[in-house]
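Reviewing the structure listed below.
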């Protein structure tokens, strides 16, 4: 198994839902970035469950401890290990899933591939392991902030309810005002009601999460196999429930003509920009200086309490399954922070790789 | 720049549109795979332009030469270098683009990032460099065939014209019968007419390409950062004109409930399958034994002959641009072979990585 | 900075001498290997200081805690994080080295490169960070044992005192009988006395550590750039005090003729072996089935209490330095376990990479 | 198999001794380096055989052709593919080695590991594949020259004949004056005579090659697993006939005390240097600004015409072997250029990785 991502700014993640701890080692962060445990805790708190009716009622304390990599309040160039010791895990709930894979869950793959599957709470297949992504993302965001790069993710659709587009400043303000993290407050209200209704039915719903990154210089990403769009697509598709990734116009571009969607250039104030941003800030695998806009399709949480068909993989026979427990009826609000973190990790990595941030010492000019 | 992809089955691509040659080194193919230049040529011929009205009228001979890696008609475990020497390139056409980026082309990024941009024929940013992908893909497909894995890509949409779903056997047969490589022959006819009409207008159109891979065992891909869906998303998004990637239901899953889309398990003939395949063959980052289905959104070719706004990056002033030349009015038909190749590269790599194919010698049982 | 090594069996190390903790994440160990914290603790205890007069009198508890990767007493294929919280560190001893590099220590590089140097106890440049190597090595050794591969390191020279060659079984027995970990007990006694004499003088001595690995199948390692000898040389040279690495006859081979040193083949008991092992088990970058024998040159501990010349890098002026504290007068005995661990990491990695051990599940036959 | 080395400045090598071609793709060289085929040819000519009695009388034209990566006389940031088509290969000489490994040759490993071994001229195990190293090294040296870094390798020992130490300027001048590439002209004469005498006997001799690199800034290399000394040790040990690598004092340091060998610092002319260079320019895995000095132990060419014992691996029986053909009686003179190239590749890679050379565009200041 490989649990690392990134080339220069690299995350190695570890831990399982009901094991001793979950965490990540962040390697390659240049020295002299001011960093505290609070910088990471703040991001972790956004993905914490139990904060509203639209997420799982499980309480997770999720207090991060930094084990290494900080000296005198600043990074010192050495790996930053962040760890959260697990608490409040109810392992009694899961033994029934030992040989019975849950529909559309990853556990079937785990059983087939490794032959010693920690089925408690989804083991390492649990959404809880995205804590590692968020630790990495929090540090990446802090690093990007020194370059005036900002990233925000928000929910744009839940089931059939679509949010109206908003300005970035509105998005940043409004997502903190509702548990769905949707910038259109009217839609947010509807979304919340729908999620609660589905929860009552023992069902779940999917949605779409958009991520916007601003302040990126032109020339990030490499044009053939280590493209910025390819690397973003990978890390976003790697998020557990994601089944689609698009940049800029995305799938809508398929029905357009070149003359409709080409982003034409202009010089204004001695700066080159494009008049439209149908490319979502990336052309030819490289950033063009415009905001980078991606969207991901998030499937409905597969854990639903309705009765479903499954199998006993040991006995090789059919078997019904009912998944009780405290599951998120909709994962989208919590996915926003993971999407933000994942985007930040890729951008921080490429900022170093492309020479915009010095690889070893942030104080060195480049 | 990094021009390699893959961990165990690795492609390193080189060359530019109007340079001396384009090619690829394929490293990590196990020994004892029967392989000839014809195996590769056959695939290259599919992406060759000039074969119908819907692609560019440029003629490219594209005869591949294998420089290494074959002994006694079989791979010997050493790197396979494939090269095509360039001919029929008209460098005189391109000097006007030296400092004037074409809208929605990658050339702006090249200019910003490298400062010595080979603008002839798009240089290394040209679609012609996908020859490297196809060389790698042809070998990957031959390797996968030994494991009874088959991959096929076809056009499912051009502009607003959508093909009706077809069975795999029909798809394989029908795509060879029309220049659009669409399996619905009625739609294919309409698509062809639309493309030719847009060509007349000096415009271009986008579309959607679907890839189906069958015969993959359960357990391919690693569950966290080197997921099969993530790696597919990356390599597909890396294809020049792609702005979106989806697996299984893709973006449609966002509007569904868990009870509508969960893939429930069943045992039939002592085999575990799912009753539906909304997951597109991948759950939790790992294959589940069902067909792997992906779709990519392909943007309209940005090279159109209509007048567009651009800039002179040296003089930092606005400038009009008209792109004459022999461009594809729709890139989708030729993208099919690149999507097929890219998918094959990722699957071959993961088949070795997961222990389904022996890493050094195909005759060794695993 | 990059703190990872290995391709399939990969170690990511973290932590500093006087920070909160030191540890490592071991990624890529196949599932179903029986493993306990004791397996790791046993190896860590060998490198623990304070156990005899020939090492530093510092006491380090060094109790390892496994945070992840074990389920039901066996590895489950997920990353194994091992951590040791630091105790008994005297940070007051080191502030004088903030701007004054110690001769032949790494700290000058740290100061130049990162600009925020944790000078306490050598920070991450301390020998204490080899705890990460030993955690990885302990797991690698357990994994290799399932394939009947055994590795042992011993001291063959301290200053001018050279041990007489011994059989493997004698080596294994005798190194536990003396604090120098030398298999020639007479030489060991002399070495111990010399080390204690140098300690009295406030000086230190170097030596040579040999590592022997038996049971390795032929065909490990790849012939060009990922050779077994190259990878061993790298990981051994990476050990802090090492200034030379040799395989088989090593530097003595330079003065020989081909007819003197070529290892001629023979068939005995339906097995191919070589009559001599001047190659040290590796030819053409690949193992040949004979014992793998390496030796490393270990420099005298640079921390000596004699007065030395140094500089103040802030003031850019000359400055005398005296390094007080509890330093090892000879690092060789403790280096043995690090050499053993490092060798085990490389061999485990290549056993998986070459298909001798299944990459995901130890119970799968290959 | 993996045929790549380097992280940012990366070489992918391909080709076999008697195949169609040998070559390399050099990826990651920043744009705007002036480069011609002659720059590479000049280095290749140094390793060319047939130029004196001390090397093989085989003639190899070895004319390199650059296929990509150069635009307007300068690198453009894209991969540089260099290829040499093979000529003058006598495949008839080698069929007898199909199932009979040559003592101390790599071919036994190839037979065991890949099962389809190109035995002609040693196939990909031939020293001829170091052409790939030299292509990479020539580009690396040109890149390093822009930073005033210079690298030179010379023979310091053949069998028991040791050269007297010389100043760098003398070394550079004298190695061109004799076929052994030894800087001590008296020793060179003796070495030449000894090699010719051994050739007459059908035997071969080993030796030692030293490499000196000057002009390297302090802070190259990373302190734990991607150390400069570790990376140099790996690439040097990867050279076919090398059995030992040492840096600075190397194995001699084992018999010294700390007070004898510690490199003490001094400030002179507002620059920090060390009074001695026993560390060979690398401490704690990082360069310290002093010349980087390494030595490698080169074994006698294993191909000797004397009768030797071997086996038939198919029949599993003993068999005598006599290796006729045109072999180098001593490989050391030709190894010098490979050592120089290998050192250059590692240094160029680390210069980019550590931020001393801009990763994409040489004209960008860092």
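In order of appearance the chains are A, B, C and D, and numbering begins at 1 in each one.
Keep in mind that, in the parts below, a contact is a pair of C-beta atoms (placed from the backbone, for glycine too) under 8 Å apart; a residue touches a chain by one contact, two chains touch by 3 or more.
Just so it is clear, the model here is predicted, and its values are computed rather than measured.
Enquirer: Just going by residue numbers, which of C-D, B-D or A-B has an interface where over half the contact pairs are the same as at A-C?
Expert: Over half of the A-C contact pairs recur in B-D.
Enquirer: Taking each chain's centre as the mean of its C-alpha atoms, which one ends up farthest from the centre of subunit B?
Expert: Chain centre farthest from subunit B's centre: C.
Enquirer: For the interfaces B-C and B-D, which has the higher count of C-beta pairs in contact?
Expert: When B-D is set beside B-C, the one with more contacts is B-D.
Enquirer: When the C-alpha atoms of subunit A and subunit B are each averaged to a single point, how far apart are the two points in Å?
Expert: Distance between chain centres, rounded to whole Å: 27 Å.
Enquirer: CA centre of subunit B versus CA centre of subunit C: separation in Å?
Expert: 46
Enquirer: Just curious, how far off is subunit D from subunit B if you go by their C-alpha centres, in Å?
Expert: 38
Enquirer: Residues touching two or more other chains, restricted to subunit B: which are they?
Expert: Answer for subunit B, listing residues that touch two or more other chains: 1-4, 13, 113, 124, 219, 354, 360-361, 364.
Enquirer: What residues on subunit D touch subunit C, complex-wise?
Expert: Residue positions touching the partner: 1-5, 11, 13, 101, 103-110, 112-113, 124-125, 129, 157, 159-160, 198, 203-208, 218-219, 221-227, 229-238, 240, 242-267, 270, 272, 274-275, 278-280, 283-288, 297-304, 306, 308-311, 313, 316-318, 354.
Enquirer: What part of subunit C is in contact with subunit A in the complex they form?
Expert: Those residues of subunit C that touch subunit A are 1-4, 10, 12-16, 19-23, 25, 27-28, 31-32, 65-69, 71-72, 74-81, 83, 113-118, 123-124, 360-361, 363-364.
Enquirer: Looking at the complex, which residues from subunit C come into contact with subunit B?
Expert: My answer: residues 7, 219, 353-355, 358-361, 364, 366.
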